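Both complexes shown next keep subunit A, but they swap its partner, so subunit B is in the first and subunit C is in the second.
Let's look at the complex of A and B:
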């Protein structure tokens, strides 16, 4: 016998193999458990306590839903932040995402120069949102910005709480539309060309073909794009933090959580309750995403 | 060899032809014009940054931004030294490279086990990793921050004495967050590899680790390349964790150093422009040189290849 082992199917494992396979699973699992899932549970638990972050862990007292009640009643930035996150979502969902889809459909028609068009539109995707905020300062700055130079206005587009959210959203949409275009374009490339030909032979117009034939077969990617849009709106953080740390018209839930932890006043229980609200919203999205992404398995 | 004689190529030629707006369409100019306008609008903010980064502040202050002239390289010299970019690029390198390598290795391990063996808990395992990738990081900040502050590490490991303010801590967090996406993409890729490969390997007595290193990983090179490019961009662009976990400005990687730059460059938009271009250069290089991999990486996850 050349080998000590006899072939018993490809799932057979020697003792050493078993150790290797276990390590291959256990090491990454422990890391993710430690730095993602354990903190997620910790956040939820801390949200029911009054910990100020200074005393020992033994000094923690449970306070029930008090943090949540405080957030809703005596924490002024909370409702504006909720509102801003919803506006963020609405703008991405109703404007930036459809724009990205439209761009994908236009680019997909394959006219000459497609590569140039495609690259120009998705160029912002490789930049961080923090940098996007920085670059758009050239347009928005009060004294030296292009926008005021053209219009002759004196608006401080990043500073004025009446307009800054919208100014930021234009910049965020600039990036988001490119991202969606890229995802959607990949989906469109996967559509069976004979579907289009069949629709054409049946005399359907381009628009009808898209809405009645292409859109329905793209259902999985549609849902992924929608979930990505929701997650991006919930996670929005970098751009407002770079501009003014999420204050003065740019409050977002993510920024409030961060302020409560790294800011001067560290209110752990309170910040955790805010974070738990984020977790609750995101868990719905995560479940939808997982169901789509792993359907084939 | 005539290309047209090949029926497959002929079919491809037909498919590559523009579907609409073809010769018989009356509005064949409309689409290119619309796309050109869109592209120019989309490029505009970056072009504006590029042009102004080469312009003298005194000149634009006098003539306004809607003018032409006053070209200089001084902004780059000033932005580079005032922004301390040498240091921040070095920090970015020290964070990004280990994080990307570790992410790819660990996710390849998980993906290999999930794809290679048909165990019942595979789907749950993949879900466990992928979901972790989608949670909002801010929601996990408090426990991570407190843990990192409490965990003492030897000074040879991190000069801050704790995981907070250390590159190692930041690298671990990045790895934990990105492993899910990569494991998902790689497992889909590995599932498409023919099982017969492993069969013959097992018959030849190859251990699991040999199968992993000598069969699976080499065959996954395209997927690994795409993910490496994508992850390099993402981790280089990562802002939140670096900002909160590394609190000292001189430890910040490039992207987080924008925090300080906005204050420092506040009075001079041309410096902002030069700084923006400097920060964007690594990702723009990726964009122009490795575009194919970047797009492949991003879309592999969304469309299952």
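Let's look at the complex of A and C:
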């Protein structure tokens, strides 16, 4: 018996269902509008003003593109910050993330003492980046640090602007690799063991199995790992903030935004312009990600 | 309830009808003494003086005063508690509720704090930052508290005055910036206090020969280098130019400014190397461990020295003369104190509290906890001072002009987003002074012009 009940659109729902459905649509939409779009648009609008955060909104004076011009021409920390964000991204992408994947594969293969490695590599992830910055401070301090005490050197790990970014990246990667390892390990555990057996029977080597069989199967995890890497490198902030408030070789866009907006400085307009630039960069990455994700569907 | 239109009206309201007939002057005399000794009960203490022309209640006040304090470290926190308690005890019926906030957070959130619902009184610093809030109408005028304040020098009054000529700030404690050294080390090696820049250079060269870093230096946090700049500018261009430069009225590409950086570049090799990775605490410890010879910092560096013999070994001298026509009579001595918010809930008690804070009794309670600072009231009894405190008091008293500190004397946005990176750049690359000054000037124009 063919069913006569064909879906006829929203009219078919009971009154109660309609209320529930509309609430489920409206409430999250309002939340997103209020918490995401309102501040984002507000930031973009404020970036064309010179508001100092004091007084009524009517006291805000528009200054056109002045903030953007100032950022690009007379604000010395800006270009180094852009460069550092890119370096950060490159290091996480080409070194820390592959390292995390490698750890995951090794742990998954069941090296002796797996559990020990697993927990010790994952441990830094539990710590906040702020704490990580502090721990490494004990290692990197020029006069009192562990590293210089052992090697007898006098390298100013956190203070020398040619060195400190790399020193910090070691600390950040130390944490990032553990994070990626955990994500990847979860994925590897989910791979059907019969795939490996089939590959083995067909005479594929371990490496071939991994690159030809496991990696393609893990595509969803791979995308998550890539996205996480991008997000982590864009929002990198707390570790440099803890070390020296994002100055002297450790400039990052996020730190510059905070310096201008949050502190006593209160250059809301100028800081908003920096935040808008950051928003634009993130949007590019979001668009790329969405295109990849859509293609998959 | 409507707000009373004047202080006198407010106070008149507080007097119960039963006491209105009593001669207030007699009661006033009693109330003027230490309130704690009054013991006359609420009725007597209610006999406040409504004919006093000033807005500060000379009689009793009541209710709760809220106080926002940034003294979050254990020791200063206890100090605030002790003088607030003393105030409450001296004014029966009054309680002080202290809201302590972490020092940095307090400072960083000050704009939001003052625009939200601030406490009746709050801790802050003298200088441009104080004036800035006064101009924006975020703090309360307390000129009437000042009109009968004893023991405050004119310099203190000047430092508490906004650009409109009214007072907005009550000084509590201050401390000098100078060149600190360990007496024992200097007498061992036979070093003499340098009077001029040349003598400083000669001494520095001698210290290097002796294997010491002549001048301890740590600028990881960005602000300590401001102190060195201030000292040099005060010696090279004098107080007036310094203040005017900080107020954004001078050109940073002026040869006078370049001369400051030039001179600094000349003595930079005497500073401890790799200063940008070192905190001031670490630099102070190198002085304490006799690895460096002297240190240009505020007297709070004594906190890194053990109380007692080690702190007694600490001494200081004013930054040496660079230009004999300018001399050394300008020094830097930041003042910490209290202000009243624009619309306090309990104005009468707030003002009385502020007046109490200006007096020696409260200030000495504060010093007990933190002996690296000194009282701002000249009537304060200095017999309990340590040698360092005594010398600080003398030093500040003998100065002709006193600046606060770069980040207190100029706009906070200019100090933190322009000067900190600029000075760090200078330390990294002391050769490109022209480029540095041009960059500062361009940013200054953008910030001060807006």
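The rule is simple: the second predicted complex is superposed on the first by the 236 of 297 C-alpha atoms of A that agree within 3 Å, B and C clash if a C-alpha of one lies under 4 Å from a C-alpha of the other, contacts with A are read in each partner's own complex, and residues count from 1 in each chain.
Throughout what follows, a residue touches a chain if its C-beta (ideal position, glycine included) is under 8 Å from a C-beta of that chain, and two chains touch if they have at least 3 such contacts.
Just so we're clear, the structure is a prediction, and the values are computed from it rather than from any experiment.
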Contacts of A:157 with subunit B and subunit C, given as first, second, both or neither: second
Contacts of A:126 with subunit B and subunit C, given as first, second, both or neither: first
Which of subunit B and subunit C A:50 touches, first, second, both or neither: second
Which superposed partner A:259 touches (first subunit B, second subunit C, both, neither): second
Touching partner for A:180 - first (subunit B), second (subunit C), both, neither: neither
Per-residue touch tally on subunit A - higher for subunit B or for subunit C: B
Touching partner for A:144 - first (subunit B), second (subunit C), both, neither: both
Partner chain in contact with A:74 - subunit B first, subunit C second, else both or neither: second
Touched partner set for A:248, first subunit B, second subunit C, both or neither: second
First (subunit B), second (subunit C), both or neither touched by A:172: neither
On subunit A, positions contacted by subunit B and by subunit C: 53, 141, 144, 262
Contact set on subunit A toward subunit B in their complex: 2-3, 5, 7, 9-14, 16-17, 20-21, 24-25, 27-29, 31-32, 34-40, 42-43, 46, 53, 103, 106-107, 109-113, 116-117, 119-124, 126-131, 133-139, 141, 144-146, 149-150, 174, 178, 182-183, 185-187, 190, 193, 196, 206, 221, 224, 231, 234-235, 237-238, 241-243, 253-254, 257-258, 261-262, 268, 271-272, 275-276, 278-279, 282, 285-286, 289-290, 293-294, 296-297
In the complex, subunit B residues that touch subunit A: 15-21, 31-32, 34-36, 38-40, 42-43, 45-46, 48-49, 52, 60-61, 64-66, 106-107, 109-110, 112-113, 116-118, 122-123, 125-132, 134-147, 172-173, 175-177, 179-180, 183-184, 195, 198-199, 202-205, 207-209, 212, 233, 236-240, 243-244, 247, 255-256, 258-259, 261-262, 268-269, 272-273, 275-276, 279-280, 283-284, 286-287, 291, 294-295, 298-299, 301-304
Touching residues on subunit C, where the partner in the complex is subunit A: 107-108, 110-112, 115, 129, 136, 138, 220-222, 273-278, 282, 286, 412-413, 416-417, 420-422, 424-425, 428, 439, 442-443, 446-447, 450
Complex contacts: residues of subunit A adjacent to subunit C: 50, 52-55, 61, 63, 66, 70, 73-77, 140-144, 154, 156-161, 164, 244-245, 247-248, 259-260, 262-267, 270
